[in-house]
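Shared chain: subunit A. Partners: subunit B in the first complex, subunit C in the second.
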Partner chain A sequence: MSTIQETVAPAAAARVTIRRSVSTIAQIVVLLLLLATPLFVKNFVIFQLTMWLVYAIAIMALNLLTGGSGQFSLGQSAFYALGAYTSAILMEHADVNYVLTLPASALVCFVAGVLFGLPALRLSGVYLALATFALATAMPQLLKLGVFESWTGGVQGLVVTKPDAPFHLPISQDMWLYYFTLLVTLLIYAASVNLLNSRTGRAMMAIRDNEIAASALGVNLPLYKTLAFGISAAFTGIAGALGAIVVQFVAPDGYTIQLAIAIFLGMVVGGVGWLPGSLAGSAFIVFVPNVAENISKGLSGAVFGALLIVVIFVVPHGARQVALYGEALAKKFLKNN
Partner chain B sequence: MTPSQDMQGSEPLLSVRGVCVTFGGIVALNGVSFDLRRGHILGLIGPNGAGKTTLFNCLSRLYQPSQGDILLEGKSILKQPPHRIPDIGIGRTFQNVALFHNLSVLDNIRVGAHSRTTSDAMSDMLKLPWARREERALDKRARDIADYLDLLEVAERPVAGLPFGTQKRVELGRALAAEPKILLLDEPAGGLNHEEVHALGDLIRKIRDQRGITVLLVEHHMGLVMSIADHVVALNFGKKLAEGPPAAVQSDPDVIKAYLGSKDA
Partner chain C sequence: MNFRSTVSGLSAALAAVVIASGSAQAQKQYDTGATDTGIKIGNIMPYSGPASAYGVIGKIEAAYFAMINEQGGINGRKIEFISYDDGYSPPKAVEQARKLVESDEVLLVFSPLGTPSNSAIQKYMNAKKVPQLFVATGATKFGEAKTFPWTMGWQPPYQSEGKIYAKYLLANKPDAKVAIMYQNDDFGKDLLKGFHDGLGEKGSIIVAEDSYEVAEPSIDSHIVKLKASGADTFVSITTPKFAAQAIKKVAELGWKPTYFQSNVGASVGSVMKPAGFENGQDVMSASYAKDGADPQWDNDEGMKKFYAFLAKYAPDANRTDASVVYGYGEAQTVAQVLKQAGDTLTRENIMKQAANLKDFVPDTLLPGVKINTSPTDFYPIEQLQMIRFKGEKWEPFGPIISGEVRD
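And now, the complex of A and B:
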C-alpha cells in the first residue's frame, strides 16, 4: 500500500493499473482452480471442498458484518442453524425443491438478523460480542425443545435427501453439489463486492470508522446497523442451508458455539474486511484440523492451537497480508520485465 | 435582532431564537439569539467554554436545547431527527477532523452525498441499472469536488496517511457533496500554520462566492474571522456578548474584557 502512496499521480495511475491486472490474473487463476479441481479428486475430497465453500460463505457473511459495519458477532452459528433447519424442514416436510429452500432460508435469517440487530443497537464492541455469544449458546437448546419436535426431529435431528444432478448430467451427486455450491458462492461474493462498493456499503463502513460523522452526513445509524446484521444473517443462512443439503443431516449439536468460533477464527485468519480472504480462512478451519490429526492423533487440538498461534504471529493480518506481499513480488517481477 | 438587520428586509436563512442548553446544573447556553443571512459568512467567536461548540451541536442536532428554537428558512429544525439534518441543507465539519480513516478520499466525499442519493441495499447488491446510473453520476460529482479542492492527486488514497491540512480539505469536500445551504465549520483553522490559514480563508470565501453557500464559522483564530466574516457574534459564558460587523465587535469593550480580562480582575 505504502509504495503506492508515495508516488506522484501518473506513476500512481500506472501502478493502479498493474495492481488491477495482478489481482485480475489472481482471480482468474483461482476461478480456474475452483472449476477444475473436482475433476481430478475423489468424491470424499469433493465433499470436503464443498464444505470449504460453504464455510467460506459463512465467513464472508461475518466479514460483511465485522469488516463492513464494524460490529462483532460470536452468534453466527445461530443463523447458520436457522438456515440449515429452514432448508431441511422445507425439503422433508413440505417437499420443496432444494434450490428454492435457499432464498427461503435467506429470508427467514434476514428477518431473524434484523430482529436480533435491533436490541444489539444499544451494544457495541465486546458487549455486542457477548450478546451474540448468548444467542449462539441458546440456539441448540431451542432446536431441541419439545414444542418444535414434530418439525425439527428434536435431539435426533432430520435426515435430508441428497439431490441428484439435474438434466441427467453424467456426474456424481457430490460433484453436482460442489458446482452448485460454487455458483452460489460466486453469486454471494459478487453481491458482497457490489455492496461494499455502493452507497449502502459505504454507509456501513462510515459507521465503522466514525459513527458521529456518519450520522452528521445523514446516515441513519439504526437502519444500516440492523441492515448489516440482516444481510450477514441472510448469507449465513444460505451457507447453513447448503451445509444441510451437502451433509444430508441437521441436528442441534452440529450448530454449537464451536461453529460460531470457527467462523470467527476463519475471518481473522483470512483477514478482517478482505472478502477473498474468506476462502483462505475457510481452508484453515476445514483442512488444518485434518493436518493436525495427521501430525498427532492424541494431541490434534494442541497441534491445531500451535498452528493457529504461528499463523497469528507470522501474519497478524491474515491471508490479506500474504496477498499484499505476493502482489508486491508480482509487481516487482512485472516491472523488471 | 438588531434594527440594521430588520431594515435589510428578506427573511434570514437561519434564525437562532433564545436557545438554552443545560448539562445537569451547568448552563452552557443561556438564551442566545442571532440571525444568519443568506450568502453571509458569520463568525461565532468567544473564549474557551463560551458555548460555541454547544451551539454548533444544537445546529447539527447532537444536543437538544431545553428552551428556544432554531429556524431554517422559517421552519424549526428541532423536530427533525439528526440524520435528516443534511437533507434539509445543513452541512458541517468537525473540530478535530472526523473522517472515515480507512476509506479513500473519493469514498469520503461519496459518503458526504449520502443524503443526496437514494439507492437501497438490494439494488446495490444486484447492481441494478438505476443504482449503476446513480453511482456513475456520484462518481463524477465526487471527482469534480476533489478537483475543486485540489484533491485529485490523492483521490484514491485512504485518508489516514494524508497531512492534516489535506484532511481538512477532504472534510470540506465531504460536506460540499451534500450540497448544503449552510456550511457549519467548527474551528477550521485549528492545527494549521499561518499560510494554510490564509489559504483556508480564501477557500471559504471562494465556496461562498462560487457555490452560494452560507457559512457559519466557529473560530478561535481572530485573524481569520476578522478577514472573512461579514458579521460576528461573540459569546461568553453561554450568553451573547456582542454582535455586528467584525471591526465593531473587535473594538467592543465587553469582548476585549472577555478575551484579555479587565484591569481590576
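And now, the complex of A and C:
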C-alpha cells in the first residue's frame, strides 16, 4: 500500500499554480490530439483507438477502486462481461437503442458491484484480490450456463449489430463510434475527478490511507467501501458495453481472467491512483502486444513480458512518473526563459 | 443508307472493342491483394494464450506456402502469407481481421482458428465481402452458404461426427444404454447435438449425460458418476488431455463399455500413448485424415510427400501432432482453389472456385475421403470412416460414411 500513498500524496501547495498551468496545457494538447487523430488515419486504426479508449475506461474504473479506496480487484473482467452482455442482450433481444444500453449496463453492474462488495468487506489486501479473482474465473462459466442460453447464446455468444452514425452524418460507423466512445470517456473522466474531489472521494481516500483513523473520524467504512466497488463496477460495465458494440460480438471466451489481468496491468503501468495514466496503461495493453508480435511471432508472450519488466524496472510508478518528469523539465524550461 | 451503314459499322467496331476488352479482362482480373506477381493471404492464429498448441497449424501453413513459392508459386504468383496472433480472444481477432483486410489488403483470410474468433469476425468478413475461407474449426455454423456466402469450413462439422456415431450405434447396438460426457463449450455441444439428431426418436437410449469445464484439473468424478448410471456404452466428447484421462479412468474402474472417442481427442501421440495402449484397446472413433504417428502410412504416397515436406520445410515440427497434418491438408486445399481460380483472382471467383471443388484429395486424407463442394454445399469434408484402436494404432473398418448435416 505504500506505493499508492507515495504516488497519490497531494502536491505541495506552493507549486500548485505553475503545475496547474503545465497540466492544463498538457490536457488541452491531449484532447486536441484525441479529437483530430481519427481524421487522418484508416478505419481499422480508428477501431484500434476506440478499443484503446474502451480499455482506458475500464482501467480508470479500477484506478478509482484501487487508487481511490485502496481495495484490490482482479475481478474487473467479470463486471466488464456483465456490462457487455447486458448491452448485447438489450440490443439484440429487446431492440433497445445502443446509447440507452449504457446506463442499463452501468446500473446492472453497480448493483452487482455493491452485492459483491458486501461480502468483500470482510477481506482486505491479497485476500480481497483472491476473492475477486474467483469472480473473474467463474464469470465465463456462468455465461455458458444452459439456463441463460436463450439470452446469452451460450458458448456461441451473441452477434451485435453495429450502429450507424446518427442524423445522417457523413462519417463512417467506426469514426462515429470513436467520437461516441471519446465522449463517454470524457464524461467518466470528469465524473471520476469530481468524485475524488468530493466528500465521498475524500472519505474513500481516508479509508485507503488508514482505515482505523478514517472510522475514528466518523467515516462509514462499509458504506464507502461498497460504494467504491459499485461505482467501479458501473464504470467497468460501461466499458464492457462499449466494447461489445465496437467489437460487435460477445462470447464467454472474450472475458477470461486474462482480461482482468490486462486491466490490472494497465493500471499499474499507467500509475496507480493517477487517472490520466489510464490512457497510457491502456495503450500499453492494446498496442504493445502488437509490437511484441512484430519482434517475434513465436515468442510474442515472452517479448511482452520482457517489455513489461523493463517498464516496471525503469518507471515503477508508471506513466505518472514519466509525466512528473516531463513536468519538471517543462518547469525548468519555463524558468530559464 | 450511307449514314446507316456508318452507324452499323461503328457499332460493330464498338462491339468488337467491348468484346475484346471484355475478354482481356476475363484473362486477368484482380481484386485487392492479387497482382501479376503475388497473392496476399491473411491468417489469424492463437500463437499465444490458452489455445496456443494450435498455433503450429499456422506455422505449417506458412511452411507450405514457402515450399510453393520455391517451386515457382501458383500460376506464377508468389504467395505472401500474413499471419497474426489473436491469443484466442474474439476482440483481438476482430482487430487482426480488420488489420488484414484494411491495412495489409489481403485477397482472402484463410484458416482463421477457433469458433469464438471466427464467430466474432464472420459478420465483418461477409459485410466486406472478403472470403473467410476454410476456417479451422468444426463448428457446424460455418457452412451456411445462404446466410454467410463468404464463410466456408474445411474439416468435417462436429455435428456430422456425432451423427456418424449415432448411425453406427443404431445399426450395431440398437438396445444400448448410453452415457455421454462432453466438454462444456461450442465443440462439445455441437457434437452432442449431432449425436442427438442422429438418434432421432431413439433418444431414450441415452441414460446419462455429464459435462466438464476445460478448467477442471481432473474429470475422474464425472466418469465414476456416469458408470454408476449402469450404461454399457460411453461417448467421450473430449479434447486430448481429458480424452486420455477418461480412457485411463474407465479402464481403472473396470468398466468395459462400447467406447466412442471424439476425433479431436483421438491422436495416437497425445492421447492413446499417455492413456496407455492397453487401456485403449477397442476404443472407437471416426477419422478423415491419416495419423502421422501411425506406421501403417509410412509407405503411403501422400504421406511420403508429407514427410518429405516436413523434413525440408518444417524440420522441427512434430509429425505425430494432428495439427501438423491438419495445416498441411488445409494449405493444400487453398492452393488448389487458387490454382482453379487461374488469372481471375477476384474475391468472388475465389469463393466460386472454393465452392467448386470436385473429388479433390489432399495427401493427408484417408483413402476414399474426398473434398466436394458446391454453391449450396459449404462443407468440404463430410466423410469419415470408423476406426478402432488395435495394438498401437487405429485401424479403419467399415465403409466411408457420409454424415451430411442437412439430411
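We take it that the second predicted complex is superposed on the first by the 322 of 337 C-alpha atoms of A that agree within 3 Å, B and C clash if a C-alpha of one lies under 4 Å from a C-alpha of the other, contacts with A are read in each partner's own complex, and residues count from 1 in each chain.
In the analysis below, contacts are C-beta pairs under 8 Å (C-beta built on N, C-alpha and C of every residue); 3 or more make two chains touch, one makes a residue touch a chain.
Not measured: the values here are computed from a predicted model.
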Discussion item. On the A-aligned overlay, A:G301 touches which partner chain: subunit B = first, subunit C = second, or both, or neither?
Written reply: second
Discussion item. In the overlaid three-chain picture, which partner chain does A:G243 touch, first (subunit B) or second (subunit C), both, or neither?
Written reply: second
Practice prompt. State whether A:F44 touches subunit B only (first), subunit C only (second), both chains, or neither.
Written response: second
Practice prompt. Would you check which partner chain A:A251 touches, where first means subunit B only, second means subunit C only, and both and neither mean what they say?
Written response: second
Worksheet item: Touching A:N194, do we find subunit B (first), subunit C (second), both, or neither?
Response: first
Worksheet item: Who does A:D164 touch here: subunit B (first), subunit C (second), both, or neither?
Response: neither
Worksheet item: Touch check for A:A216: first (subunit B), second (subunit C), both, or neither?
Response: first
Response to the item:
Given the complex, residues on subunit C that touch subunit A span 47-50, 55, 59, 83-85, 87-91, 94-95, 98-99, 101-103, 115-116, 119-120, 122-124, 139, 141, 184-186, 189, 213, 215
Fill in: List of subunit A residues in touch with subunit B within their complex
1-2, 4-5, 8-9, 12, 16, 191-192, 194-195, 198-203, 205-206, 208-210, 212-221, 227, 231
Discussion item. Considering only the defined contacts, which subunit A positions touch subunit C in the complex?
Written reply: 42-45, 47-48, 51, 137, 141, 144, 154-157, 159, 243, 247-249, 251-254, 256, 258-259, 289, 293, 297-298, 300-301
Worksheet item: Which positions of subunit B touch subunit A when the two form their complex?
Response: 60, 62, 82-87, 92, 94, 98-103, 107, 110-112, 114-115, 117, 119-121, 124-127, 131, 134-135, 138, 152-153, 156-158, 161, 174, 178
